[in-house]
Amino acid sequence: MCTKHKIGRTWEAFLVLLVYYTAWVSPFEFGFLVRPSGLLTITDNIVNAIFFVDIVLTFFVAYLDKTSYLIIDSKKEIATRYVTTWFLLDLISTIPSEFVRVILPNNLQSYGYVSMLRLWRLRRVSRFFARLEKDKNYSYFWTRCAKLVSVTLFVIHMAACIFYRLAAHYFNPTETWIGSVWEDFKTESLYSQYIKSLYWSITTMATVGYGDLHAVNPNEMTFDVMYMLFNLALTSYIIGNMTNLVVHAATRTRQFRDTIHAASSFAQRNRLPVRLQDQMIAHLTLKYRTDSEGLHQQEAIDSLPKAIRSSIANYLFYSLVDRVYLFRGVSNDLLFQLVSEMKAEYFPPKEDVILQNEAPTDMYFLVSGVVVVGEARTGDVVGEIGVLCYRPQLFTVRTKRLSQLLRLNRTAFLNLIQANVGDGTIIMNNVLQVARLDIFFFLVSF
Amino acid sequence: MCTKHKIGRTWEAFLVLLVYYTAWVSPFEFGFLVRPSGLLTITDNIVNAIFFVDIVLTFFVAYLDKTSYLIIDSKKEIATRYVTTWFLLDLISTIPSEFVRVILPNNLQSYGYVSMLRLWRLRRVSRFFARLEKDKNYSYFWTRCAKLVSVTLFVIHMAACIFYRLAAHYFNPTETWIGSVWEDFKTESLYSQYIKSLYWSITTMATVGYGDLHAVNPNEMTFDVMYMLFNLALTSYIIGNMTNLVVHAATRTRQFRDTIHAASSFAQRNRLPVRLQDQMIAHLTLKYRTDSEGLHQQEAIDSLPKAIRSSIANYLFYSLVDRVYLFRGVSNDLLFQLVSEMKAEYFPPKEDVILQNEAPTDMYFLVSGVVVVGEARTGDVVGEIGVLCYRPQLFTVRTKRLSQLLRLNRTAFLNLIQANVGDGTIIMNNVLQVARLDIFFFLVSF
Amino acid sequence: MCTKHKIGRTWEAFLVLLVYYTAWVSPFEFGFLVRPSGLLTITDNIVNAIFFVDIVLTFFVAYLDKTSYLIIDSKKEIATRYVTTWFLLDLISTIPSEFVRVILPNNLQSYGYVSMLRLWRLRRVSRFFARLEKDKNYSYFWTRCAKLVSVTLFVIHMAACIFYRLAAHYFNPTETWIGSVWEDFKTESLYSQYIKSLYWSITTMATVGYGDLHAVNPNEMTFDVMYMLFNLALTSYIIGNMTNLVVHAATRTRQFRDTIHAASSFAQRNRLPVRLQDQMIAHLTLKYRTDSEGLHQQEAIDSLPKAIRSSIANYLFYSLVDRVYLFRGVSNDLLFQLVSEMKAEYFPPKEDVILQNEAPTDMYFLVSGVVVVGEARTGDVVGEIGVLCYRPQLFTVRTKRLSQLLRLNRTAFLNLIQANVGDGTIIMNNVLQVARLDIFFFLVSF
Amino acid sequence: MCTKHKIGRTWEAFLVLLVYYTAWVSPFEFGFLVRPSGLLTITDNIVNAIFFVDIVLTFFVAYLDKTSYLIIDSKKEIATRYVTTWFLLDLISTIPSEFVRVILPNNLQSYGYVSMLRLWRLRRVSRFFARLEKDKNYSYFWTRCAKLVSVTLFVIHMAACIFYRLAAHYFNPTETWIGSVWEDFKTESLYSQYIKSLYWSITTMATVGYGDLHAVNPNEMTFDVMYMLFNLALTSYIIGNMTNLVVHAATRTRQFRDTIHAASSFAQRNRLPVRLQDQMIAHLTLKYRTDSEGLHQQEAIDSLPKAIRSSIANYLFYSLVDRVYLFRGVSNDLLFQLVSEMKAEYFPPKEDVILQNEAPTDMYFLVSGVVVVGEARTGDVVGEIGVLCYRPQLFTVRTKRLSQLLRLNRTAFLNLIQANVGDGTIIMNNVLQVARLDIFFFLVSF
């Protein structure tokens, strides 16, 4: 199933490459060539054949129904859906131009117009980019940029080809944008013709408008007017997209700066001691660094259903909490529920975790790092008893280097204990018996 | 009443069409014509007549008072309001130009100036777009685009007409923007004159400025200076609007990406098992797909008053909950209140709904889809008793395919039961008697 | 005090007008005039004199200290502050140019340079706009626009003057931007010279760049390079500001649309009955119309301290609630506290306020409009007793036309009653005695 | 350690200066010089030497590991990391060009290409700006602007050099952008050549495109096409950044305006008395002024861990609260915990703090300023007893001038008292004994 999926993706990407080829070659044939020529004809027909294969394949590929979110793999339904939508247009765009030139009357069989039908395939690119944008494996910024660059290059190329065709087909070659400057432009090399057309096209598109080349006859003026209007929209669209990307990219740094600035201006206005200021800045900076996705991480986790969140907490912290002396002998049920209520927090070096005299509202478990207890002695056990009897914190606790701690709220803890009276007694006994700290330092603050 | 309303809307849309005609023809007559000519005169007068009819109709149409939010249909009040505001200007803009040329002195009777009075009608378009923007039946994006395109085209057309008039009326025709290039421009066809004017106008507006055409005499320079300044503002306005639209359109995809990115980077940093990662991504993706309006849906529903929210919940879930075995024989009042407290949630296939050992906080009702209970036997009833006695979940519950579930919070449930003691006893009895699951699978988690 | 303040503001606005005069005249003298001429000299000196008066006045005007938020009116402190900051520059910019020409050596006494010193006054305009932006009596949109237009016009004018000066002072007049096109440009009228300079300046600024006029000698090229770089920044700044304004202006309509769209797509997906859909849309539309400042109103009120919020509620609703039969004989204290807890809500016509069977959580008081009780009879009193005994709502209540209601939460009500036992008894008696509705309809829902 | 850090920063800033020199000189040598010339060669080699020193130094400088957030100072790890990343490229970019010319074959030894290798150093600037952006000591606005200006200037300079090189190396000098206008351009001074190239470069970049200079041969056209495409992206990027900065800078003023506007339109719609309106506006204005970082300050403080927040409250308010008569003799523990629960609030002059009859929910302590109690007499003590017995406020309290008050919530206060019964009794006694107000006015509202 998964391999099928991968093959599908690769095939799609390969077709998009061919569409890029078509997007370049079709307008070029339309503008610069009068009849199919050697190599191009061959590649064109190969590409057409591949797209014909794709049409056939479409009849065998399941699709996702957008209203029921179900994968539809019934042959009949797939065929009905395809035939009633894009099948005909897809088919027409693969007809070989040699064939068209034979069956159509003379005045309609222009090589160029048949080529233009191939551009129908461009809709694949649009769909392709819409999918990439939502795919987390590709950068949003570069996907959007690639899309904009593709559109811009295609528009310039297209306009260049049309401009040249207009000049080449005008009755008076000297009254054209190119003929008025280089009279014998038709005898020049294809490369020279193309680069000149492209040069004028981009000069107009980028609104540089040197004026060395400019519309001369009414036909050119009419097309130029439409081209400039379209460019106005396209340029605005490009700028709008760029603004969107820049604002998005700058958001995180800006929020960090705003936070740091707010904190330090508060500190300065209130003349807080330097040590306190340093702690504030250090904590906010660490938060910015560890929380690699800014504000979104916590939100994303919180929006998951409770079962998944419990699984995550269980996976990350169960084995740690299981080894804490306080919970020795406690039932798995309670541990499972306790772990779901814990929050992981990072503290930079030399930051206070709990202050002496503070009201006991939270309990901390050290995951990694080193922590110093102000007056850590064997008497620490008293601290825990104090906790269970609601007494203010007896000593200040401070980190020595970068530490990760699990915070457990007093209220949540007590609620769970109340619902598991037996386990509560075990915990109390653990507190009373133990006279030393466990391998995992247990910081009691509540 | 509703038919009246529809006719009113159609009439208004029809008038806006005529305004578009006026917006094109008035500057054109101002710039290119010296006297009324055949066909144009006839259509002009027909359009004027229709607008005159509209003036008369306005006296009979009720309006919405903006301070009291009441519909005013008193003839007198309607008349007073109209006469004291736009009546006179509306009337002047419908006077036939033939009539004006007869009554006014020679030097003021220029055909063009009378035409320009018609532009007063443009205010209708502005009002029309303001209404469309707030109408949910029209796309905001395309309404704004249509507005910007209309404004841009009108400005270009207007400037083209003024540029031509400046050249045509200048004492020395060879010292004009057009005369310095084509000396005999006045003998050319109207189409050729118009397309050249339009070409210069858009060349300047789009800031391409080829330079093949440029202001020559001081009058043209003065107008051109003002035109360029105006364009600077217009271009900024267009770009500002486009940015607004692009940012708006991109918001949803970007939020989805940010969420997925945050979740998966969290998973990778903490080396969560693949199965858990997949569950996270699958859930967030489903949420994005089903919640078709992104964040706004829940907000919009929550901002409705309680009575409406209750009606919705009642309409959607009452018949379902009514059939659940747990509530057999329970009073309608309680069911009604229970249903108001339920939240609908979607779960993708193979996602855990409830974990074994989890604390019982919620109860789930299956609306659609298939769900697998870890150790589902007839003994399931024990689970429900456990619930009512506050015991941890006995087995893990997992979806088999896309499922919709109703979540009922334990606290809300107990509060309602307490206020309806009789119903509480019935529910308890139901739990005790039933030895098999009902048609609608009843998942107990709390 | 307040009159003083008004005079101060008028004086300031008058000075800003004079600064606008200076901003136009100083570069003009710098660019186009070689020596002071008749009328301009006189007005210049008058303006200088007025600014000198302002310097003197500054010594007598109290100012607001930015760190202590105190008004400082000690003469000495005012003088110290002014002399140590802008005094000298202010003074220099008022020295008459005739005087400077006499005292300075020949090569420095150029008329133009002295004029440029006056531009120091521009800082007043910046301060002026910063103040206007924060003044609620002026539209933010138009203030920002006026600021941008002022800056743009000044830059164009300034560049035009410098361009002309560069050309006029160049050793070879035919090798200048203007001389290469019109050889005898120095003999033309001042108006013609000025309009040509302005035309080139704006052509460059707006990036139109026709090319009929362009830099010719290295001096001009150097200045042009700097001018174009500056314009790049200025144009970006203008577009950035315009985007800011457009996004701000569009926010409210967009939020309304998003909300309506979310609600109606929810309704359609769940196939809600039409009547329910209409109620949803009607309620959201009314909310958008009455809440004239969008989301900000509630936020702004909530951010005020409790005393102010109580004052507002008291002013708006006390007299109404005082007349409700339920609170007859109740103490002022309780009424005062009840009123602080009430929220005003608007309901469109034909909307359900309370549903039959709904859980009693809120009580409603009708401020204006008409409301229909489903089965309204004298038996309504039973409803209120049900309320106080916590019974579900006995009948549906629906609005007949636009109504304003006060909502009082059940919990808040009961908390206040508990703290005022005597008043609670009075309310109970009122409920029991009254057999008809009061002048103000009393809707009980809780 | 800290000194080391400072030296490191200074050294880095010095290197960035040298990079700026390189960024200017490398393209210049590439475009305009054929062989190393006197002074430039010497400075080039000095700069190369300094960068070589930096390569050596890099082996001795510890770095921050991005995954573990640890400082790595092991020589071996530093060397491994550097050699496997940028070492080789850094080394190549310091090789003296004289040396390259000797060892390389003739056709590759062009002076210019070797110079271009130096541009590898530009990556330092990008890193430098990324760091500055996050440094609170530098303005975000100006850092971003400096970055954009640097990029723009570099691009223009680079393009100018390439344009000149293209013209200088073309086989037919008269068919180049510069040679078609000034035939003998190669004999002109270096300054004249450079300013002309720069002039054309910026004319194209800013999309002015006068057309006096334009691409003539296909090579130039090809480069120009690419340059214009790049500029399209660069311009969009500049505008996007500017919009980002403008929107950010305008946010605070706009929020203030929206708030004020919402409040005053609410007041006007409900016809609130003028005194109430003034109080509302005065309060919101003061809030805007004192809260110098807008919304972020409170958020930033709230996101700090509890220990830091307690330290701040303790530092700011402990000594004040310690002196309040109510807490005389109370334990340090309780005071410490009380202070953590207090919120500082500013009140403008003549604003009501507590209203008569208001429900007692908060208690206020005056930090600075003057406050007037409506009927302040020695009987005030009764007020406090009322508080502890939950009685409505007996008199209105109003500020006389700008005051800072500490607010303590009733519920938080009572919770703390309950947990410290002994202290509760002391407080009660204090209330009963004291017959006069303390040095610090004690406002009781709860």
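Quick notes on this structure:
When the chains are written out, they are named A, B, C and D in that same order, and each has its own residue count from 1.
Throughout what follows, a residue touches a chain if its C-beta (ideal position, glycine included) is under 8 Å from a C-beta of that chain, and two chains touch if they have at least 3 such contacts.
According to UniProt, the chain labels map to these proteins: A, B, C, D = Potassium channel.
The model shown is predicted, which means the values in this text are computed figures rather than measured ones.
A repeat of the B-C interface exists among C-D, A-C or B-D; more than half of the contact pairs are identical by residue number at C-D. Where chain A touches chain D, the two copies mostly use different residue numbers: shared numbers make up under half of all numbers in play. Rotation relating chain C to chain D, from a C-alpha superposition: 90°, rounded in steps of 5. Chain centres computed from CA atoms place A at the largest separation from chain C. Inter-chain spacing, taken between the CA centroids of chain A and chain B, is 25 Å. Chain centres here are Cα averages; for chain B and chain D they lie 36 Å apart.
Residue positions of chain C with contacts to 2 or more other chains are 207-211, 235, 239, 241, 243-244, 247.
Per the touch definition, chain C reaches chain D in the complex via residues 69-70, 133-134, 136, 140, 204, 207-211, 214-215, 218, 221-222, 224-225, 228-229, 231-233, 235-237, 239-241, 243-244, 247-248, 292-293, 296-297, 299-301, 303-308, 310-312, 314-316, 332-333, 336-337, 340, 416, 419.
Every residue of chain C that touches chain B in the complex is listed here, in rising order: 149, 152-153, 156, 191-192, 195-196, 198-199, 202-203, 205-212, 235, 238-239, 241-247, 250, 253-254, 256-266, 269-270, 272-273, 276, 279-280, 283-284, 286-287, 289-290, 345, 347, 351-355, 357-359, 361-362, 390, 392, 402. By the touch criterion stated above, chain A contacts chain C in their complex at residues 207, 209-211, 239, 243.
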